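First subunit A sits with subunit B, and in the next complex the same chain sits with subunit C.
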Partner chain A sequence: MISLLTATRLELIKTYSRYRTYIGFVTISILVPLIMWLVRKYGFDEMQGNTLNSLENSFVFVGSLVNGLLISYYLMTVLWVHFPFFIVLVGGDIVASESSAGTFRLWLSRPVSRFTVLTSKFLATFIYTSSIVFFLGLCSVGCGILIIGGGDLLVFDKGILILSQEEALLRFLLAYSLAVCVQMVVASLSFLFSTMSNNSVGPIIGTYAIIVVSLILSVLRIDALDGIRPYLFTSYFDVFFAPFADPIPWEEIKFNLSRLGIFIAVFYSLSLISFLRKDICT
Partner chain B sequence: MYLRKSFRWNLQCRLLILLLLLTIQILAENIDPEIVIAKVQANYDLIEDYSVTARVKVDIPNLRMPRKKIKFYYKKPDKLITKTNGFAIVPKSGMFPVPTTFLSDSTEVKWTREDTLNNSKCYILECGYSFDKDTLSNFFLWINTSRWTIDKITTNESGIKGSSMIFSYVNLDGFWIPEATDLYINFKKGLPDASRPSIKYPFGFMSFGKQFEEDKLHGEVKIMFSDYKINSGLKDSFFNNQK
Partner chain C sequence: MNKDQIIQTINLSKKYKNRWAVTDINLDIRQGQVFGFLGPNGAGKSTTIRMLLSLIRPTRGAFRLFGCANSRNIYRRIGALIEKPDFYLYLSGYRNLKILADLTGGISNDAINEALEIVKLKGREHEKVKNYSHGMKQRLGIAQALMSNPELLILDEPTTGLDPEGIKEVRDLITDMANDLGITIFLSSHRLYEIEQVCTHMAIIDHGKMVIQGDVQGLLRDTNFFVTEVEVDNPDKAYKLLAEEEWIKKTTLSERILKVQVAGNFRPRLVDFLVSHDLKVSSIVPRTHLEDFYLSLIEQRGQI
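Moving on, here comes the complex of A and B:
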């Protein structure tokens, strides 16, 4: 039997040998440095500075609020709506492309179980998701510090919280680790649709449509939606901003992570059921 | 009859002496504030330039920041450079208590009374733009009479509780310079309650219109000074290059 480790390694080779895998990496590599350069050249009208106006009579402000870490902090908001596109691009294709190409017939004729095949694909999706999320983090924080400069990070949390650069970097690391979990929900949803479809367009569009609708329902403050909001995975998507609080709300993080974990487990289980029943001979 | 005349004369003399003493006392206590200010200013007139490291600890509701180290470079008359790693806030008037930084030509100063602060005799001068009833704000300088330094500043501002600054000094090369400053400040308006970005508020949330709670309208700032270098001959080019 081919082990799960070998199957995962093969899946990773397949995933990283496709051009579409690199669309996200290339976009980030171009867009993030460009944003940082624009901020350096034209400035940034930050909201935090305005909140300090009430202290202007008594205090002078030394140093600048705008630095690479602040821009990286705001760049994290792309993780809600825009960034999932790069995830579904791979997650929605990973199973469906093999269904449409008919390679499953060959692949499953080898001494390997369907469970191993699907789990290896799921693990490869997880590794891709982690790599692109951390790449975004590394690129935004790294380019931010290199192009604009480092410094203290000024964030909102029960007023204004100023974190030293060393502390902010650790919190970015935690935030991006949590962002991996958030994006993994997106990846597992697109993975589920990918097991149900024979082409990758459907899972990509379907996943994106669900994300957008869920976000709308999560954002709208309508009382009638209070009952369904806990069942929407997007309601827990802001967990990666929790590390930028003092003290770090570990209970809130644990709660949100457990809910996201349930969604990932449910989507993976449904994918497994769908794949075990999948007709690969047609 | 003689006794009565003598008694009256004696009484008149005593009253006259008492009146004379009272007049002398009143005249003696009417200390010229200009002279007091000049004596304090003289302490700093010989300082042409200085550099100092300040460690600032801020305790203001709705504002949490790590302790900051700020380097100040000053040269007469108005060259000032501040250097810090990142961002910091420092009190406008808590750094170097030189009278010229508090008093302008339009400021009226008058001597009010004498008091003791930390077992030292102090003259208390009231400073303000006018002393009529419509005065919006005035402040009191507590001048230490043994070393001629400003040891305490208290403010009165209409609508809010008073604020105060307390200075402690160290003698370095004959100059009395601040070693620590404690600032207790009351605000008219506090910092808004703001929350981090969330699904509901993608760029964070601020409640500017919210009525501030009483306990959120005051703060405390402590500054410790060290590494003084006085009259080290800082060049103008140093300040120009930093700009």
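Moving on, here comes the complex of A and C:
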């Protein structure tokens, strides 16, 4: 029987042959340099003022603390709500589009198991997710340094943390690696909906709606919601900011990663059950 | 289990919600047969084919392909074209075939090119499928079914969308593959003429149930089904007279030609009857069209 590796390779060929796969890459390629340029041209002084406003009474700052790394750090907030759109665009489509196009009839009448087909799609989704997350990181940090300039990274955590550029770059690498796990939860949820649907619009809207609602529930500081918060995957989304603490809270990262891993495993398992039982009628 | 048994279904049934789409279908298809699968729309033909290709799961019953049940590797020996073939529109025809070839395994580039040659798509294979006509997509569908040199071809309406020349080519191709290469072919088609021309065996299903199964000529012969086309000088008068006779199963009049359904041994009596009623018989031609047989069977089941 055909190997999972071959099926994944074929899945990647299909995924990266579609225009929609590049929507995220193109948008990031345009928006990130534009934001960096706009900050440099118009928002530099204002941002410096906002950043240092509350600190100027206690500290004396020499030079500029607003640099490309700080803007990149702020840009990471898009990973909460905006960035998942690029993920669901592919994750929500990867199974459903084949159902609606009827191409599953050709695939599933070949000597390949449904488990292999679905798992190869899941792996392709993972590779896409990783590539676009790291692309954002590379664009963000790279353009930040190139357009605005590098330097030490000033982070407000439980105090003020100043990281050297070299240290900050390593922390960014860790942060974006953790962001891949976060975005994989989004991807696997949209993937689950994709296996249940015969068109990609439903999974995309459905996943996005759940993300928004879950995020609102996660951030609302209401005691009544304490009971359900551990069951919301968005409660663990902020793990990618953890590397910017000192010392790095490895225990917290491990805990959050394990929870995110459970969500990914559950969503994938449900997808598999759904797909194995699915009748290909269209 | 017979060694040359290629497809065997045992009480194969599928239920959608509260409706049985297919009930207790028992097929027995042997090596080298060109097996026609007939039935009106919604009879359950595509459902049966989808179960054989494991696109849908049977609610009840089982099937064996090449004597094996539940083995995905068996599908390496099968080429299938299910209704209209759907490809990745954003990829070229060649790229589509290449992906399916890699997915099947063991299919060389030469085999892909050969299949493209057979369906006359050579030279257009690097165009995106979205630019293909319906007929071209159908040809590409046949190419993907052929490229693995299958031992069993499952074709569901393979000539849909093809021009008359294409239909004849596919028909000839099916006949050649069966005769020269010994490929077993399971062909679902609405074109009764096509089935009659190329099939050695057939089954008719209706409302999800098997109506009849056997070899084409044998069925036509054994069911004593004959249509005799008669030309007389006054067909209206003849039609009225024949319609009242009990020994004649059915008479229809179309374009001044009488089609009389009567057993073969009654044919001399038919001529005598017409002559005795002062009708001049100019021609009498016995025919055994599958179409007449099929329509008669379906009509008996209250379909028309």
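Criterion: the second predicted complex is superposed on the first by the 263 of 282 C-alpha atoms of A that agree within 3 Å, B and C clash if a C-alpha of one lies under 4 Å from a C-alpha of the other, contacts with A are read in each partner's own complex, and residues count from 1 in each chain.
The definition used in the following text is that a residue touches a chain if its C-beta (ideal position, glycine included) is under 8 Å from a C-beta of that chain, and two chains touch if they have at least 3 such contacts.
These figures come from a predicted structure and were not determined experimentally.
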| item | value |
| --- | --- |
| First (subunit B), second (subunit C), both or neither touched by A:Y74 | first |
| First (subunit B), second (subunit C), both or neither touched by A:T234 | first |
| Which superposed partner A:I162 touches (first subunit B, second subunit C, both, neither) | first |
| Greater residue coverage of subunit A in the superposed arrangement, subunit B or subunit C | B |
| First, second, both or neither for A:L106, with subunit B first and subunit C second | second |
| Touched partner set for A:R221, first subunit B, second subunit C, both or neither | first |
| Which of subunit B and subunit C A:L146 touches, first, second, both or neither | neither |
| Which superposed partner A:K14 touches (first subunit B, second subunit C, both, neither) | second |
| Footprint overlap on subunit A, where subunit B in one structure and subunit C in the other make contact | none |
| Residue ranges of subunit B in contact with subunit A within the complex | 60-66, 70, 82, 84-92, 163, 185, 187-200, 202-206 |
| Interfacial residue positions of subunit A with respect to subunit C in the complex | 1-2, 6-7, 9-10, 13-14, 17-19, 101-113, 277, 279-281 |
| Subunit A residues touching subunit B - in the complex, by the definition given at the top | 47, 51-52, 54-55, 57-65, 67, 74, 76-77, 80, 150-152, 154-165, 167, 215, 218-219, 221, 234-235, 237-238, 241-242, 244-246 |
| Complex contacts: residues of subunit C adjacent to subunit A | 50, 53-57, 72-76, 78, 80, 82-91, 95, 99-100, 102-105, 144 |
